[in-house]
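The chains carry the letters A, B, C and D, assigned in the order they are written, with residues numbered from 1 in each.
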Amino acid sequence: MAFRKHKIINDPVYGFIRIDDAAIFQVIEHPAYQRLRRIQQMALAQLVFPGAVHTRFQHSLGAYHLLTLALQELKNKGISISAEEQTAVKLAVLLHDAGHGPFSHALEGLIAGGLSHEQISRLMMQQLIKEIEGPLEMALSIFDRSYPRHFLHQLVSSQLDVDRMDYLMRDSFYTGVAEGIIGYDRILKMLTVEDDELMVEEKAIYSIEKFIIARRLMYWQVYLHKTVLSAETMLQKIILRARELVGRGVSVPSSPALQFFLKTSSPVDLPDAEWLHLFCQLDDMDVWMAIKLWCGHTDPVLAWLSRALLNRQLFRLELSPHPTDQQTVARLQEQCLRKFPFLHEDDLPYFVYTGTASSYAYNPADENIRILSSQHRVRDISDVENSLINHTVSIPIKKFYICYPKSLTEAML
Amino acid sequence: MAFRKHKIINDPVYGFIRIDDAAIFQVIEHPAYQRLRRIQQMALAQLVFPGAVHTRFQHSLGAYHLLTLALQELKNKGISISAEEQTAVKLAVLLHDAGHGPFSHALEGLIAGGLSHEQISRLMMQQLIKEIEGPLEMALSIFDRSYPRHFLHQLVSSQLDVDRMDYLMRDSFYTGVAEGIIGYDRILKMLTVEDDELMVEEKAIYSIEKFIIARRLMYWQVYLHKTVLSAETMLQKIILRARELVGRGVSVPSSPALQFFLKTSSPVDLPDAEWLHLFCQLDDMDVWMAIKLWCGHTDPVLAWLSRALLNRQLFRLELSPHPTDQQTVARLQEQCLRKFPFLHEDDLPYFVYTGTASSYAYNPADENIRILSSQHRVRDISDVENSLINHTVSIPIKKFYICYPKSLTEAML
Amino acid sequence: MAFRKHKIINDPVYGFIRIDDAAIFQVIEHPAYQRLRRIQQMALAQLVFPGAVHTRFQHSLGAYHLLTLALQELKNKGISISAEEQTAVKLAVLLHDAGHGPFSHALEGLIAGGLSHEQISRLMMQQLIKEIEGPLEMALSIFDRSYPRHFLHQLVSSQLDVDRMDYLMRDSFYTGVAEGIIGYDRILKMLTVEDDELMVEEKAIYSIEKFIIARRLMYWQVYLHKTVLSAETMLQKIILRARELVGRGVSVPSSPALQFFLKTSSPVDLPDAEWLHLFCQLDDMDVWMAIKLWCGHTDPVLAWLSRALLNRQLFRLELSPHPTDQQTVARLQEQCLRKFPFLHEDDLPYFVYTGTASSYAYNPADENIRILSSQHRVRDISDVENSLINHTVSIPIKKFYICYPKSLTEAML
Amino acid sequence: MAFRKHKIINDPVYGFIRIDDAAIFQVIEHPAYQRLRRIQQMALAQLVFPGAVHTRFQHSLGAYHLLTLALQELKNKGISISAEEQTAVKLAVLLHDAGHGPFSHALEGLIAGGLSHEQISRLMMQQLIKEIEGPLEMALSIFDRSYPRHFLHQLVSSQLDVDRMDYLMRDSFYTGVAEGIIGYDRILKMLTVEDDELMVEEKAIYSIEKFIIARRLMYWQVYLHKTVLSAETMLQKIILRARELVGRGVSVPSSPALQFFLKTSSPVDLPDAEWLHLFCQLDDMDVWMAIKLWCGHTDPVLAWLSRALLNRQLFRLELSPHPTDQQTVARLQEQCLRKFPFLHEDDLPYFVYTGTASSYAYNPADENIRILSSQHRVRDISDVENSLINHTVSIPIKKFYICYPKSLTEAML
């Protein structure tokens, strides 16, 4: 029997998103998917960009919407895609981020025993196969690159996938950093498939350049903004401290689900159904609520960090092209011990720490962007003459940072 | 000493918001204000409009931004406003919503012992007067209508205030219901002051009409959308049930702050510093976390409602111009008892209930909109000839609803 | 053989417009249609709103685009529309404005011997039937209301047609009067057909209100803006003067096509092929070029008016709810004779004149807007309870104006 | 006496533009400036991008608006700029493009005897100095780089000037090629001045990259779009042919002003007042009207080209990284002679011709973009480490084209 119901969802970025498939509808209604309403897309970036409070739920729907547009264009160009393949690739994109835990990338690996969000997304798909009728097995094989038609995977996950297009559009929209906006409609109109590989027509080359530059800008201006980095490293320190205290047997109040993950320290090899069930109960709320409770904890380190993050009294973070020299670190640590008498020397890494941030504008080694010339010649975008996406852009930029309380001497580096 | 620091905040609605006053800066940095980052502006509207996850924090900053534009226009027109008055009215608008609790209007009165958010905003201002240097006393008198220059109050709170302008702009922006967008810049350019009363120039009349119609549209299409209403009434039932259980001595786990307010049932007359301190610790997180915990509660009513709201399995809500007849209610209640064997008859009002929703497009009795003609004649907008804002629009629209589980017979009314 | 070529046109209002039908393509490429590139949509409104320089060409394409969206929605709702009907209604909308002459409405009737633009559009369709293969006869019958399925006509021409939707969107976009923007996508999604009549679903009622109010605003804020009216009446006076001089046998240089129409003063009953051929050679350029030439004409009235319009030295125009009293007119005329010694008394109506401007927000007597309730009840929008579109809005607003040189005494009325 | 009048102009790109200076106001009202209303900014690009019909008038106002924002930012940063300097630099930017003739760049040099538009703008300023009270002499010295404070010139004319910012914003807006949109507000906020040179703060580097890439995209996607190039070269051929015929003594009807310039073939060294007066009477209308008249000219070359351009029957233009080989050209010319029997061999260059198009993304040799680091170190943007604006981007891209009638064999290159 055909699925008669269709649903239209308001979206501020694209206007309306249409759902017209029973399996898609069931996935969206599933508690594991509804949970994405409670996980913010950009973690703590909202402490710098107050508008950036959008969720993984919206982003997944947005990527789904762009995919439907891409499929329409490819079909207009005569590329045959079966109805089942269409539903499957839509399911794959809807679920590609479902495995994210609280605060997404900011806490990835720290809570879920070292598992990546892709690994957990895969576990969820395996679970949903049992519950929902529809081509979820095919969706999983597309997600896993095991489905023979490789372009379907590339639509979901490559350097020109609908995931990136949506997050650039959406993160630009919600942060107000309009410079990240890309010409997604023009790019989608230029997509094509040759030998089951996703390509873009040569005349799209300037739009692709713009897309890569927009992403580069969003990385350094937003995602790796020094205050955002500071907040996210503080959040990581809080979770690490809580886990350390739990390990020491100290009581650290939190929701039962979060408690479970704070206790499970070793990497998980084969998570069972119970593990997945508990993971699906975790969202940003558990962590925020815990931080609020921990503001009054007897451990002064946990309490101090929690209060600081909650009230946005963030560490100073300084970025540099070179690593911080050890003398500077030592001097800051000394000052820190004087300034915060409750600190033990062992706890210094919670208050003064260094690290690196890096990003690729374009990585020619990973699901690269292929340009199809009018003479049906296929080239990597970094090989096209006059292209901007040359070797310079293909080298990752790496920056070094040091982070410490603002109240320490401020003119340091 | 002059305040040299100025801060620019990215805002997706207006681009950039500039903070250039020390007192404003201190208020924004205060934990009581930072808390607004964790209270969503539109409560549960995000269950229907997934983009509408913006916060009271952004809204207050937005209203502040519009106010600075309005003040600039008025000064350009030769209206004298002292530097102190400017800072004071900006403080008033920044803090006008600070007294909102979790889920704003949806739970107003239910948690804070019957106090309105304006009453609590006032308490907060009184508290901040002690902590922050700046014209907070004057801000309070502007907020309270006791400051002699009435137009300053009207900028903050009237039928054409910057609060309404920002929430219409922002809620339209985030829901994607672009039809709610208003010509705020044109309206601001038409503001003027005559005898210390706020007016708009006559040529702005069509823009004002558009503003009132936009608000009317947002009410019925968004704020009072039947699914939004359903979710918000369910949330209220959950809090009422929790409070009832607490009253009966049943253990209902929650954060300490929420626990305090669930226990305090009688209306508060003179809240003390402790009351305010605890209130300032409450935000959406406390309630979401409680609902998540209550999904497994031993009380089947609390548990059922909590799971339903968390997973967006909402009651059906039907709107009608007439009250539901008692027979229909009785029939639904009967079905309900059969369908949910755990329900006692006393608990029926948690599962089948009626209510009303109403809104004014324009209320000529409350801080009305005055039009100043080129001959300096002042009239209420509803008295201007050819105006659309006539008596029809000035009558509140009232609709009746009934709400019940979807699994009951669906073709009812 | 199927039409394989499809063409995508960039449009700043909607993004991309797709042409995928051979007959549509041929019409767009036809010189009579390309001519619309040289006729501005808003005539002289650009003298007040410098951005409003868009053309009839863009507007017709825009209306065509909205029509394709509307047809898609109706087909999604199960309304059967044959492929031929689709092409025909698209042709009808593309050509609905093709009969506009230079400066569109501002000179309508003045140049083309009293024929309306609809009458000329009809003549053009009759001509194109001979040249282009495609359902142009059906397009003409839809345009003429003689095709049995009335809703197709209503899509092209009614109070909720794609013509109005596009011109509101486009004129708002290009003038920068963003308040005229309407929720066209929401309205299109709510369209339906019952008994071959176009309807909107009841839940769209607030969007329809917004649409009508937006149109009302655009009329009084833009289309009938007093400076725009002034410029357009001056343009009419220029053409009338040129025609008068031609009638008197005075040489008035202009393009051959314009010369023909200046000479043909009596109303045309049956325009022949030659008439239509010459009309199709007219566009804004002929009139602008003539005005530029006439700046140096020996007739001082024609020369003065031409220089004034070209250099934007416009008459003052005053709007009032009441007609100007005769005394004021007489006094202004007297002053005018003194100020401009070259003026004969007979020429006074070129320098001091009165007139009226009026507009309907909603006219229930003309292709009205029908609302379909969920119980399949059909009502006019002005009959729906709580509707804003009541009797007040259904009365046309009429304003009176007087126009005269700014150099005359300025404080008159 | 202070200038009390201020004027607000609606602009679709920026909302409102405010004029608040008497000298600025007089320049805008001057016929030589009003004339810019009749010169389209993008010449024939509208034949490909129908929305791109905006004018030099709007662009000049837009650049003026961005300049006022830039001056405000610089003053906020403590850079002292006198009131006179402010007015002067505003006048300079308003008039920077006033010397453009019909179809701007497309006919630059062809009509005005080899003078560039900057040279003519300078002549106009010299003329206006005599007519308008205000710092026009200073404006001219800023325009001419002779004013000592170099940053004022750089605001008006450099690789990061308000002219470029406005035309990118505006051309993107009107073409609908949204990818050309730049973050002008962010860039303006990052401008600063050091030793009277314009700089940008280091953190703006990603915005500058985006700006340069946007310009690169607009060049190849819009300004040098092959169909736009084709139309513009056809227009040039028409003017060249008309001039040739006039030279031969053949009568070529046109407006008196255009006639004058068609007759004046030799480069002008010292244009006199009469020359400038006639130039100021020229605009797009003269050329369009002439083309319309020439459609029926006895010279078949002029008539054929005029009809083709008017009705958008454009030549095919093929772009290539390499010059077209002479054999291909010869073969096409042969075909051309067979296809168009009216063509003499001498006339072949009007129907088959080759040429080059080139553009710089960034030219480090010309008023370059300087980055100011937080340590007050000044570097060219192409020298900043990790910068994208490296040597690759600083080499101009050059493409070769051949142009010929579509009816010739189409599969040529």
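One rule holds for everything that comes next: a residue touches a chain if its C-beta (ideal position, glycine included) is under 8 Å from a C-beta of that chain, and two chains touch if they have at least 3 such contacts.
Since we're looking at a predicted model, the values are computed, not measured.
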| item | value |
| --- | --- |
| Selected interface, A-B versus B-D, where C-beta contact pairs are more numerous | A-B |
| Same-residue or different-residue interface between chain A and chain D, half as cut-off | same |
| Length of the line joining the C-alpha centres of chain B and chain D, rounded to whole Å | 51 |
| CA centroid of chain A to CA centroid of chain D, Å | 43 |
| For chain A paired with chain B, centre-to-centre distance based on mean C-alpha positions, whole Å | 32 |
| Chain B residues counted as touching two or more neighbouring chains | 15-16, 177-178 |
| Chain B residues within the chain A interface of the complex | 9-13, 15-16, 29, 31, 34, 37-38, 46-51, 53-55, 57-58, 61, 173-178, 255, 281, 285-286, 288-289, 292-293, 310-312 |
| In the complex, chain A residues that touch chain C | 6, 8, 15-16, 76, 185, 189 |
| Residues of chain B touching chain C in the complex | 177-179, 181-183, 186, 206-207, 209-210, 213-214, 216-217, 220-221, 321, 361, 385-386, 388, 390, 392-393, 397 |
